[in-house]
Each structure stands twice: as structure tokens, then as C-alpha cells.
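Shared chain: subunit A. Partners: subunit B in the first complex, subunit C in the second.
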Partner chain A sequence: MKWDWSAVGDFMPRFWDGVLVTLQALVLGSLIAFALGLVWAMAQRSPLKAVRWPVMVVTEFIRNTPLLVQLFFLFYVLPEWGLTLSALTTGIVGLGLHYSTYTAEVYRAGIDGVPVGQWEACTALSMPRGRTWSAVILPQAIRRVVPALGNYVIAMLKDSPMIAVIGALEMLGQARQFTSITFLPTEPITVVGIAFIVIAYPASLLTRALERRLVR
Partner chain B sequence: MSAEKNPSTAANGGTNAAAEGSELIKFDNVTKRYGSNVVLDNLCFDVSPGKHVTLIGPSGSGKTTILRLLMTLVKPDEGTIKVAGEYLSHEERNGKLVPAGEKHSREVRKNIGMVFQQFNLFPNMKVLRNITEAPVHVLGLGKDEAEQRARELLEMVGLTDHIDKYPTQLSGGQQQRVAIARALAMRPQVLLLDEVTSALDPELVAGVLDVLRDIAHSTDITMLCVTHEMNFARDISDDVLMFDAGRVIESGAPEKIFTDPEHERTREFLSAVL
Partner chain C sequence: MTDLTAGLWELLFKGVWVTVQLTVFSAALGAFVAFVVGVARTNRLWIVRFLSGLYMEIFRGTSALVLMFWMFFVLPVAFGWQLVPMWAAVLALGLSYGAYGSEIVRGALAAVAPAQQEAGIALSFSPWQRLVKIQLPQAWPEMVPPANNLLIELLKGTALVSVLGVGDITFGAALVRNALGESAPVYTIILVMYFILAFLLTRVMRAVERKAKAGIGQAPQKGQGVLRKLTIPRQADAPSSDLSKSAGGA
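And now, the complex of A and B:
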């Protein structure tokens, strides 16, 4: 095996394109996962069975089927129903949707961890449901689960190469394409591997720092 | 205490001198079961405005369930509860009584404040906001007015210096006094006290009871109190209801109940706790 620095240089333009896609998928996917997961978790606390049940079925279904299948479904089946999204948008939605079912469980644990007395105090003060959630329950629940959410961001980063299969060329996708043209696998894949560590390690340090600050 | 010795409380279908509608709280044949366990058994009693009523009895006799019914944390299996003339867990629709919706319950419940055994302050809010949160967002008070009211209440419970602290920075007794201020900030007609000193270290109990005594004697608020502090009960109560197995077995003025109870079960209970 030999290492060719000029191959690294040749790969760089594609690499930066890939980094951009990876970061977009990660940031926007995380936002979707955080927001949608919260919706799932709150819906599962709804007093209405007609809300709880469908949400439970949908989230269990998504959590227990492969991300890859969901990406293919979103990319190839939705257009049959008239909804065509770009590869990157599909990848972001797919990652966000898939991980929202995990963050929902995280939020759920956080919400369950808020003592029942907090709900009762809100009832005793006649606080409406929306205010009970936003002012009392969620601030306490989310504080506890921020570190766990951080772990899912890292997990999502490591799953992000999957979106290359539908043509959203993130870092690894760019590396493979470069390899298929130049027949040089070592340099691009090594660079991408290092890039994953460079993104993931500070993220995990941040998560741990948050854990120390937020969780007593 | 007041000169009139007319018992304002009629228990288990006892004769009730008060005219229909004048009572603030009215339990009418209320039954509550948990599985096969009957916690309240066809309970009837009512409380006139301004009265301080203490519920005593062995644990599991149904006292706390009464407070939880009034707070609509649980619903009665049978019977009805009225607060200030309105059905609490039911509402009238087309002349029929149906289980109350959340909105109706919330409206009626605004008349009722509650202080819990475990304080249940909001740990994510400072003391001041614990007290102003509901007046601002439920009653629609302006922020300044709500804060003014909160400061007055904090002065009353002796915690002016702690206005900018978080609940966890306070002792249990201080937290409970904040909780009392928080309940009073809603200007309820009825204050429910659920074993409010049971979770406190012994040396902190007196401070909380002093505040409650002060409120009992200086305001016209109606109090419904579950407690094991018999001296406190004797001090503030107009009426004492003795519970056993989901029924009121004896009721009357504290002087009578505590010194010369009629029921054997009451005597046993009091000799065990006094």
C-alpha cells in the first residue's frame, strides 16, 4: 500500500462538497428529530386514545424497520404519489424521521421522570394543558435528556453515509465516487474516516460537558 | 373562635340546618372505589363558607381521597360534589348530569387552592415566578400586579429575603411556606391542606403551622385540612370529622371530639396519636 498526497489533494474539492452535505444532513436531520420526537412523546401522553394509538403504531413501525428501507421508500415510492423531493431533502427527512422515533423515547423517559406532583400542582393551579407542558413539564424533562439526545446526534452522523444510496453524496459517497474514477481507495476513504472523528469527537465531548452541567 | 356553636357540618345524612345552596362544598352520596377497595362509602357532608374543617382518622380511611376528589385528581364512582353551587366532576347538559369536561372542571376548580405534603414547587422557577405563574397565565393578571401580590404574600409567610432563590435553595419549611403563598395567590375560596407538615423535619413544623394559624384567624378563607397535628387541628378547626373505613363516624366541634368523643373508634384513634 502506498500513500499518495497528490491523490488527497485531488479529492479535496469533492471532499468539501461531501462535508457540506454531511453537515446539512446532520444539522437539519437533528432539528427534525428533536422537534418531531417531542411531538411523538407528547402525543403519547394525550388523554385521547385516538391520538395515542396511531402515534404508537407509527413510531414503533419506523423504529423497527431499517433506515435504508425508509430512504428507498421516501425516494422511490413518494413520487408515485406525486411528492418528489431532491436526494438531499429526502435524506434529511429520512434521517430526521427515523431518529425522531428514538428521540421520542428519550423525551418520554424525561417526561416520565418529572414527578407526578408537578402535574398535580399544575392541576391545583388550574393551569391549562399547554401551559403545563411549556412552563413546567418540558423545561424539567428536557434538561435531563439533553445528553442522551446528544448521543443520537452522533449516532445519526454515523448513519449519514446511508443517504448516499439515494444519490445524496455526503463524504463517503464522494469518496466512493472518487475511487470509482481514479481507482484510488486508500486516500479518500482515510480522509473521510478522519473527518468523521473530527466531527464526532468534539460532539461527544460537548455532550459530556452538558451532562455534567445539566444532570445533577 | 366564633360564638355560635351550631355545627355547620352534617355527616352521613345527618340533619343539616343550612339552606340548600348556602354551603361552599357539598358531597352528596359520594362513593369512590379502587378495585374492590371502597375508599369512600356513600359519603355526605358539607362545609359552609369560612369554616375550617379538619379531617382526622387512620391512614387509608379516605381523608386524602376527599382532597383529591376536590382537586379533580380523581373522579367519584357515584354521587356528586358541588363547589360554590356548581357541580365539580359533572356538568349539566340539556338538564342531564354528565361527567364534566376538562374546561368545566378547571373553571370550578379555580375556587380551590391546594397545599401538598411534598410542596410540589416548580424547581425550574424562582420563588417569585412560582407564585406569579398561575395568576398571570390562568387569571390573566398583569405581571406587575401579580408580582405585587406575590410580594405581599411572601411577606405574610416571612420569606421576603428569598424571592430570587430557587426552591432547592430553601429548607423544607420555607418551601412549604412558598407553596402556601402560591396557593393563596390564586385567591381561592377554599384552601385544601394535605398533611402539609408530614414531610418536614420536626423543627420546621412550627413555622409552617404558625403561618397557617395566622391565615385561619386573619382571613375568611374556608379550609379543609387533613393533618396529624392534633393541637393545630384543635386550634384552627370549627369542625372535626372523624373518618373510618370511608365513612364519617363522628363529627363536631374540636373541644367535643378531642375531649369527649362519643365513638369508641375515635377514642382509640386519639389515644394512639395524641
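And now, the complex of A and C:
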């Protein structure tokens, strides 16, 4: 096996650029996933069937089809409809949308875990629906699901190299570009692979610690 | 939609066949890896537990796409092993999803009552006999529902191979897109194709689950699996519908 440390050194400036883009995609993607997932989860509890069913069908569809194809769809089809986004923006929207269908399930489980008595108490106090959600149900539900949400952030991190395929220069994208210039694939791709483990492993330890603290 | 000629449809359907093959082969390799690593993680020797745990953390920690690139671009240069793209893909998918699967196997084995294990020792079963005749048959039904979710993740993961030039559905779609000069129809079609494949996979796994649960005298749980909401009539979700009912009654 040929390993060239100077190639690693040459790759480093690009690598840090890539790390920044990966983290940017991860943070913004997570924010979209957390917010949109909550919207899906609450819509699935709507008293109106006309709201529940479409949301259910859409989330099932997005969850059961590949993220990569969804990214291509967003990247190639949206411009045909007159909406042109940069590769990175498309990637962030794609990651956020895809993972929002997972976080919706997580929130749903958390909401189901809130005892029925809490809902009944709100009815007894004739609390408006908005306040029931914001002051009673969600604070109890979300606390319990924080570790599970953390797991999906880690899963999203590991899916983030897919946005390199549509041309966003995150870690893997930078490695590919470096390889195409220098014809050295070994060092950059190995460095990127290890970087994922170095980020993901402590993060998974963190979610396990959160699980012990928050889920009781 | 109507612009797709028979030849272009054929490209897509060839892709479906490649995707199905990839899913089946990777699932077979993944299941093998999952059982070996999952069982090794319950081994008596710490070194076996440590090595299997290390394998799991490494392959779960890194990204499947990066692993695929590594096998495809680094292995030939660094070690001189040139794999056929199809098999590089199967290897990468099988090894990484096997690492996820090993957690399912380990969890299901841990859920078998310890008294079962002790009864096996009391009857002087060998460790292998205890595993094969006592633990696995009872753990198996527990594994099926999470394995279903993982299989759907694997099916979705197979789309990555198109990046390496393996002619799966997504690769076929890129060709059709170039031929048509239009993206919306073909990408809509293949999203539906993936969804149908995932749906069929869930149906098969539901049947496997029923059989597995029947084998230890249990009825399958209602409302399991990823597509439950589309396939099983939704039970009235307790709090909100109770609320509306009681509000209506009052």
C-alpha cells in the first residue's frame, strides 16, 4: 500500500473547506428536519381527514424512496419549474425534507407517549388547541425524543456526502476534486472516511449520554 | 409522461432488475455479517467482543457512499485489487448494512430470557447448540420488524451505486433524462418504482414476521412496519379523536 503524507498535507486546506460545508449542510438540514418534522407530526393528529391523509401519504412516500433520487429530482426538476437553487441549497433542502419524515415519526412516538390524562386535563380546563400543544403536550413530548432526534442528525451526517453527487463541495466533493487534479485517490478518500468516524463516534456517545439523562 | 419510448422504458426496467439483484445480494451478505458480528458481540472472550464492537463502530461510523468510493477508487490503487463495480457495490452495502444489522441481532439475543440460557446449560447443551436451538429461534421473530426497516434503508442505499456507473434504476434514469432532455417525468416514475419496491419488500417481510411469530406461538403485532399506515386501517388515534368525540358529546 502506498501512502503519501505530503498528499495528505496538500489535501488539508480543501478538506477543512469541505468540513465547513458538511457542517453547514448538517446544521441547516437538521433545523429544517426538526421544524418540518414537527409540522408533519402535528398535521397527522389533525381532526381533519383532509389534512391527515395527504400528509401521511407524502411522508410515507418521501421516507421510502432514496434520498439520492430526491436530490436529483430537486436539482433537475425545480429549475424546469422555474426555481433555480445552488447545489448546496438544494442539498440542504433535500436532506432536511428527507429527514423530516423520520423526525415526524420520532415526534409522533413522543406525542403518543404523553398520557391521555394530559389531553383530558386540557379539555377540562377548556384550553385552546394551540395552547394545549405549546404549553402541555410538546414540552413533555420533545424532552423524551431528543436522543432519538440526535440519532437522526448522525444519520444525516452520514448521508451528507450524497450532496457531493449534485456538485456541492462538501468533504467527499473536495476529495473527488482533489483526486481529479492529482490522480491520488488513496489519501483524500481515506482521510474523509476517517473524518466521518471521528465526528460520528463522539456524537453517538453524546446521544447515548443524553438518553440516560433525559429518558426516564 | 407519454414521451417515453419503449426503448427508454426498457432501460428503466433493466435498472429495476439490477436494483433487485443488488438488494438481494447485499441483503444476503449483510445478513451473514450481521449474524456473525451480532453473535460475536455476546461472546465470552473480551477480545472477540472488542473486535466485533470495533467492526460495528467503524462501519456504522462512516458513510456508505464514502466506503463505496473507497472500495472503488482506493482498493485498486493502494492494494491492486480491482473489483467489478457491481461486486464493489455489494461488498460496500453488505458490510455497512451488516454492521447496522449486527445491533439488531445482538439486541434480539439479549432480549431472550436468561433462564432459557441457564436451562440449556443445565441440560448440558454445548454453546453452539444453545445458540442454534434455544436462543436464535426465540430471538428471530424479534429481529424481523427492525430488519424490515433496515432492508428498506438498504434498498434506498442501492441508488448510490449509480454514482459508480452500475446500471441500476437511478443510472437508467440519468440516461433517459439525457435522451428526453426533460427531468420531471423520469424522476417521478423512478421515485414511484422505488416506492413500489419498498412496498413489496414490506409485504414479504410481514409474511416472514407472521410465520416467525407463529413458530413461537405468537400473533404478529398490529401496526408494525414502515408502511403500516398505508396498508393497515389506521386505528383511531386515542387522544385527539377522544377529544373531538368528548367535545362533540358535551
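The rule is short, and it goes like this: the second predicted complex is superposed on the first by the 216 of 216 C-alpha atoms of A that agree within 3 Å, B and C clash if a C-alpha of one lies under 4 Å from a C-alpha of the other, contacts with A are read in each partner's own complex, and residues count from 1 in each chain.
Everything that follows uses one rule, which is that contacts are C-beta pairs under 8 Å (C-beta built on N, C-alpha and C of every residue); 3 or more make two chains touch, one makes a residue touch a chain.
Quick caveat: nothing in here was measured; it's all calculated off a predicted structure.
In the superposed model, A:82 makes contact with neither subunit B nor subunit C.
Within the superposed three-chain model, A:196 lies in touch with subunit C and out of touch with subunit B [touch as defined at top]. Shared-chain residue A:69: touches subunit C; no touch with subunit B.
In the superposition on chain A, A:60 makes contact with subunit C only, while subunit B stays out of contact range. When the two complexes are overlaid on their common chain A, residue A:172 makes contact with subunit C while staying clear of subunit B. Within the superposed three-chain model, A:127 lies in touch with subunit B and out of touch with subunit C [touch as defined at top].
Put simply, more of the residues of subunit A are touched by C, taking subunit B and subunit C as the two choices. Of the two partner chains, subunit B is the only one touched by A:139; subunit C is not. Shared interface residues of subunit A (contacting subunit B in one complex, subunit C in the other): 47, 120, 123. For subunit A in complex with subunit C, the residues that touch the partner chain are 1-3, 45-47, 56-57, 60-61, 63-70, 72-73, 76-77, 80-81, 112, 114, 116, 119-120, 123, 157-162, 164-165, 172, 175-176, 179, 185-186, 189-190, 192-194, 196-197, 200-201, 204. Within the complex formed with subunit B, the subunit A residues making contact are 47, 115, 117-118, 120-121, 123-129, 131, 135-136, 139-140, 143. Residues 57-58, 60-67, 69-70, 73-74, 77-79, 152, 155-160, 162-163, 170, 173-174, 177, 182-184, 187-188, 190-191, 194-195, 198-199, 226-227, 229-230, 237-244, 246-247 of subunit C are the ones touching subunit A in the complex.
On the subunit B side of its complex with subunit A, the touching residues are 71-73, 102, 106, 109-110, 112-114, 116, 118, 120-125, 133-134, 137-138, 182-183, 186.
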